[in-house]
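The structure under discussion appears below in the form of structure tokens.
Chain naming follows the written order as A, B, C and D, and within any one chain the residues start at number 1.
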């Protein structure tokens, strides 16, 4: 799908810290922080995640993440609106327009989350579809639901009024000034075990609706794992798709991501970004119960960031930005590493086994060459690599080559074209070959 | 589960002819016919099948079997009521009581269908549960739906108010005089491919609610295929469970039933009846579009009835009784065959391959012995059996034995204990060994 | 299948202690011990397990359990013979006859293990089938192998000479005096994931071959898990079938057995014994590397024995009998508990959840009633049961009833028909209600 | 994997006509025909398919395709040799060297088939591995077999001697002058349903062995379907891999190939060729029973050839070349269509539904543009396409564009950028846009 830039989107998302509860004020604070401290390193999207239309979101958190049959803000055409008690500037039907303007004013871009489909309540109330003679109950599919969120019914594939409904919603978003849409329960509709791609037609409807707006809007699909056999379809109709179920700050999930990146490594291209999900860094989880620090060690955080960058994944911060400690902030300002997400850099897994992985990365124009050693063990491990055997380095010469480690800055000599290094537990070294 | 008799239920069900549309007058006509022509052969249940609470059932038949977000009759406690436009005697909150009285007056028993769970509309409207401080939205599980019917949400396993809801519904049914409940979307909740027994707790709730009424009510579970690994659970909490998805009048489905009966043959006991589903005979399908005759040939109809009887399945007629032709009616009056459904008769598959099956049946008290030869081929086939090798006939003597065929009445001699017969295509011969 | 007694077989098996290495002398020592200390408690079978035909069994144990292309003893008809270096009395073609005679002389019964099929070596050498004009290569199926043992090829279903091969083998076993055959890779041919019952025809061939011998030989099928949908087939053609993969002395496997017994509880009948596998008690594992004591705690051992007995499983000791300590021996002499394996005692699971299970057992003739409380937790747990709600105790009176615990002998009063007890971690109390 | 050219291999394979029975004389005749009539159109490989080492191949064809425990030609190191009775020039240990020389002399290339692994007979006979102290029984894995061919055991992953065995075999092939190896039972080891990529290590061993020879040898892997999640592994270690099980001349299989090409369309690159399998044209099947003509209609043959070319599949003729009719021969000489297999032409599926598919193809250098309309229906169908919506044609101008159909040569005008054509049943039109 058409796309506006030559690298995967970089930004912030409210979910990992706020769950369903983020407010306008909190969004603005994060945006202001990004504009000041992160924009110059390439970070630009501010994304409000799930259930911004819920007035009571989070009020029964010990019982439900998403309150069934809860109190939602919806217009007379079944279109969800920001909950005014949480987003005061949306009062009087202004939607997210004022907030988007604020964010644009900071030189940033604005994104929102949506669930695929139409609100169940709209269907049960037989609400009209804007600009049509059809009603919600005629386009809602009562057997198409989300496994984990009770808000919506899927939209029928062939029902008159269905495309118009999506047009009415996405048109409204474009009018608000939305630059990024994260649509959920659509990349893998996981209730339907035998048909996880049951919403393929809704992806196509979204694509059409976005094209009709004429606005550059990034389309991001969740949740994963995306289906490898639909790679061609994601690439045609979307910009990002989640290759994993929700990623959180646990080593087992991080380790698992290496296998996912192996599978999807050939699918990263301009406008096509397999998505490793948010980066759970700094403070997390307030909306889920209690605020806590990320469980990832510093080494694991560098491992994560290196993998995401070499692979070329979108980078979305799952942190409360205003509470970032200095060390974490410094990670996010490492532009010599972050630049690897650019499509000009071509990252590939060289080898992977139970103990370690090696990735290489080459810029075909500048001939820059990178090599990353990842240690999966719980102890320090020596890893080495004969550069002449690296597929991407074929026919390159390494006479007198040296290696500069990018996280720590130290230099290493190569011995007969072989690079050897001590890698800390769960850690990484990322070398530029010079 | 406790049960009132020593044989599987025999009766009539409105579905195969009327789909969702049957009316009070039509039910009465079928009941009157049964009382006159079939009661003396053991038929006794009159069952009103699905969506008797729907006012608009059948009005959009080319588009939907079950109209989503349709027009239903429901009391202030979220309990579905007979649609008064279809069941006039139910006016003024009388429910099915008057109809049940009419049927009891004919010396017959009265059954109704129900979907597991609570009406979606009750949940979205937050209706109260009778006799509790809880509301429908608190016990409804928005992620538990039926794959093929849009009316209900399943009930949560541990929600306070859930058992009380079922008590309120089943208590009302008992008060109406209901003798038989066919509960649907519960035996195999087939949307949930990885957890088809997701409503196990609702089976237990129904059982408890029935026990509380003190009334003898048969509990029948649909749809199939039932799960063999839950045989022990069905036996404990229900009386009948469908071992097949909807059975219709097609040879492939009938042939398939032999494999299902093989699987379940050891599970037929007093009060425990694996259910081969309705017998699609005579006129069918009016509610599905156009009335038509059964597609089963006469031979296939005898094959079906013989298998159901030897296996010990419930026998539920899926026909418009008032339109039965004489030949079909005569089948249903063959008491010397129908009696084999009695638990005293112990039926077992002797052999089965791609061409034929042989079943044996023995009454341990009377020593009556039966043998049925089924021909699966499309041509006449000779089948024979050495009675000394029949497991159930072990240690019995067949000196001078003869065989009397029960459908046609002819007698055959055995040759050295071997019974041989010519069986028509898709047909059966059922022998009493004398 | 026909069977000689009214209870599941009880005996000893060489595998858990000796793996593939047991010798004649060791078998005799175990048999002598059984005759002296266990026979009077009902134990009677002595079974020599896998690869008694291997001369080099166990010599490369760190690399292989079963040496591929190893050194086997085989006659000119492709029939495996006892390895003379391990079973000296088998010299000169006498096979297991002398050993069987010794065991019979002690008043015990003799069993051996076999792999289904024909030795691969016989097929590659084109050996003749006894009494036929066919050769091993004509009946061996080169695509039917065992996942875990390299010795045999399965036998083709329809090949002339196939039944004759099995007749020649089983006839030889009968001549030797074998009373019990444990046939392996046949109950669940687990290499064939989509067709684990691929050797159904070999079960039938074995059955026919045994019937032809006229000798009472128990047919036991391994490994499990047996397929519930083939229950009717096991019951027809075998006496025992393993409902589990190899059982060992680990709590997780023991806990798992409760789920397996739930599934199979309705299938225990005279001559039909779902098999929970050997009892790993006392000293174990010498042949697997190093001798060690069972990992099961004393409480777990009582739990195991109680479950096996109430369920009605065969009881096969997986211990070196001559090294049994006194406590373990005393378990195996508890005749008031062991008697529950008799078919007259009808055991059923009453309830089971994550914390505990309750089983009941009734003797329909003597009216004896038993109740067992199993504690799955890692701490002491109080369990109680209202006897009036136990399905098997229906319509029995418990006025003034008492309970006698059978492992420890203590007596407990019931309170209003309710039995309550403190059950140790992973332990059991087994009550007789009096 | 390294590769010698910029297009997928084109040639002839003996299987579709000869099954296991082809002889030296027949191979030569086909080679001579190719040199004369097809070489100038790009066809160059002559491949001898399965069981060239079998002396009795085909002699029990009604019973077996591959005779188990049959009569094979093998050297003292367990390396299979051409059966001298079929390939006389291989006498005296010369192997395929003389035949390869003959084929090279015609200006063509020579390929042979192999089964992965080591002959079972070598393992059972404990034959030595050339140049090592190890024997076949030490590297053969008795639990790794082929589902459909009885000749070999797989080779163990970590056994010393295993790589040396493959080196000894492939080294011998290189010495013979082999240019192309089709290795079977390796791309999808389909017996192992839960692990169809069980021979991944044997692919890597083959790759290493080929690299060691220093010879340009194409490595082709069979059978399919290849595993999409291993695409990166095939690309790294092989040149071709079958994306389908055996393809034959049936419409359902051809239709199915469209779905397979959809899946693999992004994976065709220089040296990396997903393989649609042989083209069953002209006379077929003599070795399978009786010679017959292809079942594909002329339209279907053009559909097949167009799809294979636009997709970029290897093209291997499955025909007896010497019996080709003129029409079929003319298909194989259509160089303006065959040239599309060149990597410079970039083919993509534009759309596909149940009725039709549209593929586009672009040469980025020459700007040539192609569009193919495929009709899946059994009747003539009008298909049209707006060229401005074709993804690959984006930003190209179609002012005054015309279309030339390449099979029949006719020209068509476009109407406002829309190309419309009548496509015959199961047929294709392939347009060059000019």
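Rule of thumb we're sticking to: contacts are C-beta pairs under 8 Å (C-beta built on N, C-alpha and C of every residue); 3 or more make two chains touch, one makes a residue touch a chain.
Only a predicted model underlies this, so the values are computations on that prediction, with no experimental measurement involved.
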Query = Chains in contact with chain B and with chain C: which ones?
reply = none
Remark   = Cα centre of chain A to Cα centre of chain D, whole Å, reads 41
Key: Between chain D and chain B, distance of the C-alpha-averaged centres to the nearest whole Å   = 55
Request  = Indicate the whole-number Å distance between the mean C-alpha point of chain C and the mean C-alpha point of chain D.
outcome  = 51
Request  = At least two other chains touched by the same residue of chain A: list those residues.
outcome  = none
Remark   = Touching pairs here come out as A-B, A-D, B-C, C-D
Remark   = Given the complex, residues on chain A that touch chain D span 228-229, 231-232, 235-236, 262-263, 265-267, 349, 391
Note = Residue positions on chain B within touch of chain A in the complex are 68-69, 120-121, 123-124, 126, 137, 140-143, 145-148, 150, 191, 193-194
